[in-house]
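Pasting the structures in now, so scroll down.
Here chain A shows up in two complexes: once beside chain B, once beside chain C.
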Partner chain A sequence: MNFIVSTWAIVVKDVRSELRTRYALNALLMFVVTSVATILFALRDDELSPEILSGMFWVVIFFTAMSGLSRIFVSEEERGTTLTLQLVASPSVVYFGKLLFNSGLTLILSSAVTVLYVVVFPAFVIKSPLIFGFTVFLGSLGFASAATIIAAVIAKANTKGTLYPVLSFPILIPLLMTVMKSTARALDGELFTAALGEFQILVSYLLVMTAGSYLLFDYVWKE
Partner chain B sequence: MKAVKYLSIILVTFVIIAGIAIPMVPEPQSLFEFPIIPGLEDKARNIFFHVPVAWTSVLGFLVALYYGFKYLRTKNLDYDIQSVSSAGLGMMFCLLATVTGSIWAKFNWGSFWNWDPRETSIFILLLIYGAYFALRSALGSDEARARLSAVYAILAGLTAPFFIFIMPRIVGGLHPGAKGDTSGSTPVAQLHMPPNMRFVFFVSLIGFSLLFIWLLNVRIRAARVEHQLSIKDH
Partner chain C sequence: MESGGHSMNRVTITAHDVAKDFNRRQIFRDISFSLSLPSSLAITGKNGAGKSTLSKILAGLIGSTRGSITYTLNDKQVGIEKFKHSIGFVSPYLNLYDEFTALENLQLLSRIRATTQQNEGRMKDLLSLVNLWQRRDDLVGTFSSGMKQRLKYAFALLHNPNVLILDEPTSSLDEEGIEFVQRIVRQQKEEGVLIVATNDKEEAGWCAKEIHVGMPER
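Here is the complex of A and B:
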């Protein structure tokens, strides 16, 4: 019980400091708009196939997430509040608090990209909403779980910005390949049962990454 | 270590001579003749070099992972020296495996790169090695470098089952053991080799593993000396 209360306190603290500046949210949404606009300029009037669109969908999410999700730990380091946080909360509480915040942020981000894609790409028609919903939900959670622990690792490094996508990409590849495939299924309008294999991979990825991060976080967090 | 050194030199030399010099004939009669495999011919000889090198690159990663894990348990910097030495060697073997495989693929499958699941896996292994060394160079203190790079190696190792067991099943491929292979899709491809080829192949696996152990030992000793000198300088 105490664990849940403390974790929630960390989430509330992060949401509050985020709402004060709206740094991450604004930056992420502007990044989404900019990258989708760039794709539109490159395409002009060409029609894209669902396979390419589902790939592009996750490319935008990947690079946007890489520009913003590291803030969760980098900002603590920049403000010099890491030590305070180490004193007031146990590592697992900090980890799950940050993970929940990043998961929420990723879900907002992927919903924003979905809305934008439906509006601007006529070929982006979600024919099986159930597959699409599950893919985006599980994909975002898996994304956040890997991105959070890597953010904690790079917060101590010198070149944080460039290092973040470099370290995250190899770890995220299994997830990216799976979500791209099942998003293409959703756009093709396949039956829900056809995508069950992908969902199994996504769930196992999420569990493996979260459990691994939970076990390793102590070593990252404590000097 | 002397025994390992000489044994690895002898075994790898044997593999180079036997793998290249034994002629390939349509109907092999003696031990010193390999059969011609239709569609592969002399290109089949690559298996004596490419597969052991690829195996050694994975071995290098596993050893780095193991010592990284030990470092986290004990905080003894010597384990980090062993871990990074192994990762450096693994990266070299990974490059060799990529190059030998890629050249072979050009002549056998028509292009240097096809994004077959195993090609994707070795590409990701290269990326992981690259990211591991990029992370190390971005960290200031010895202690943080050892700790965080060990954590990263373990995290990267956690994704390995997805590449080894899951991806080859869902994506069709060109390597043996891929989805749609008539001899069955298993994580480890079954060997369809005559006994004498199989012998050279396993000797090669052992020879390259021993070569790895010897090179690792040399690197670790050199890295320890370097570490001692850097402590003296400060």
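Here is the complex of A and C:
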């Protein structure tokens, strides 16, 4: 019971902190708007296939997530509050609290990108909403899970900004390939059963990444 | 006003041949002692001798390179995660959240700690003790370094810790601040375990025992 109370308290602290400082949210939303606008200017007259649209969709989410999700640990390190958090909470509480916060942030980010794509790209028509919904949900959670542990690692490094996407990309490749394929199926209007293989990969990725991160976090969190 | 009574836990901290290296440089080695309630220990040594490092090792914030620390609670050996709730820590390296007010900091951290002792009355008592009750609704980011140091004491004492570890205890404090630190120290020495890491001879004199850290000069 204490574990749930403490974990939730970390989420509440981070949400309140984010609402006051706008440490990550403003950066994420500005990145989404500028990158979607750039893609729109470059490709407005082209006929885009579902595969290309799906790829562009996840490229925006990937780079936006890379610009903001690391803040969850980097901000604690920069402000010198890591020791405070280490004193009041166990590593597992901190990990799951941060993971929940990053998951929420990634889901908001994915929803914002979806709305923007639907509005500005006439060819971005979600013909299988169920496949699309499952893909965005599982993909966002997978993203958040990988991003959280990598953020914890790079928060201890000197070159935080550049290291994050470099470390994240190889770890996220299986996830990116799967969500792109599954999103293309949703835009093509395929049946839900056609995407079951991708969903199995996404669920496995999420479970393996979360379990591995949980086991590793203790060593990463303490110097 | 006193900082409040301690819960009646019997605690012991024992260091067994603790050593710490950073990269290849040995900071200190063969540190051994045992502290039971009530007792007090001053950790002294030159700048860079490893006083703060030893304090962090004792608080379970970093690991030692060799040796170990054992913690017992009511005669039962426990891990650091369980023992942490018995430790209060004040250090220049430990910061509170600038974007929250003094009271919000105590409330949020108390909720994360999820201990039973998180009533508003105790927070009021502690903020009054450190003379910050009138400024409880001000953001910590607007506080001076001395006020932040006072708030760290309120945070450290919030859960009635049996063990209080003070690293540079009077850093940034004015005369009034030093007086309340001395009051806290007196009470802690009588009822709990006090560990003070300092360069200052007067502060070292607050403690019954002293341990000198650092490697011999080459």
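Everything below uses one rule, namely that the second predicted complex is superposed on the first by the 222 of 223 C-alpha atoms of A that agree within 3 Å, B and C clash if a C-alpha of one lies under 4 Å from a C-alpha of the other, contacts with A are read in each partner's own complex, and residues count from 1 in each chain.
Definition applied: a residue touches a chain if its C-beta (ideal position, glycine included) is under 8 Å from a C-beta of that chain, and two chains touch if they have at least 3 such contacts.
Note that this is a predicted model, so its numbers are computed, not measured.
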First, second, both or neither for A:S90, with chain B first and chain C second: second
Touched partner set for A:S17, first chain B, second chain C, both or neither: second
Touched partner set for A:G212, first chain B, second chain C, both or neither: first
First (chain B), second (chain C), both or neither touched by A:V5: second
Touched partner set for A:R79, first chain B, second chain C, both or neither: second
Contacts of A:G104 with chain B and chain C, given as first, second, both or neither: neither
Overlap of the chain B and chain C footprints on chain A, listed as residue numbers: 223
Contact set on chain C toward chain A in their complex: 56, 59, 61-63, 81, 84, 87, 89, 91, 93-100, 104, 108-109, 111-114, 155
Contact set on chain B toward chain A in their complex: 72, 120, 124, 127-128, 130-131, 134-135, 138-140, 144, 147-148, 150-152, 154-156, 158-159, 161-163, 166-167, 170-171
Chain A - residues contacting chain C, complex: 2, 5-6, 9-10, 12-13, 16-17, 20-21, 79-81, 83-90, 93, 222-223
Chain A residues touching chain B - in the complex, by the definition given at the top: 146, 149-150, 153-154, 156-159, 163, 166-167, 169-171, 173-174, 177, 181, 197, 201, 205, 208-209, 212-213, 216, 219-220, 223
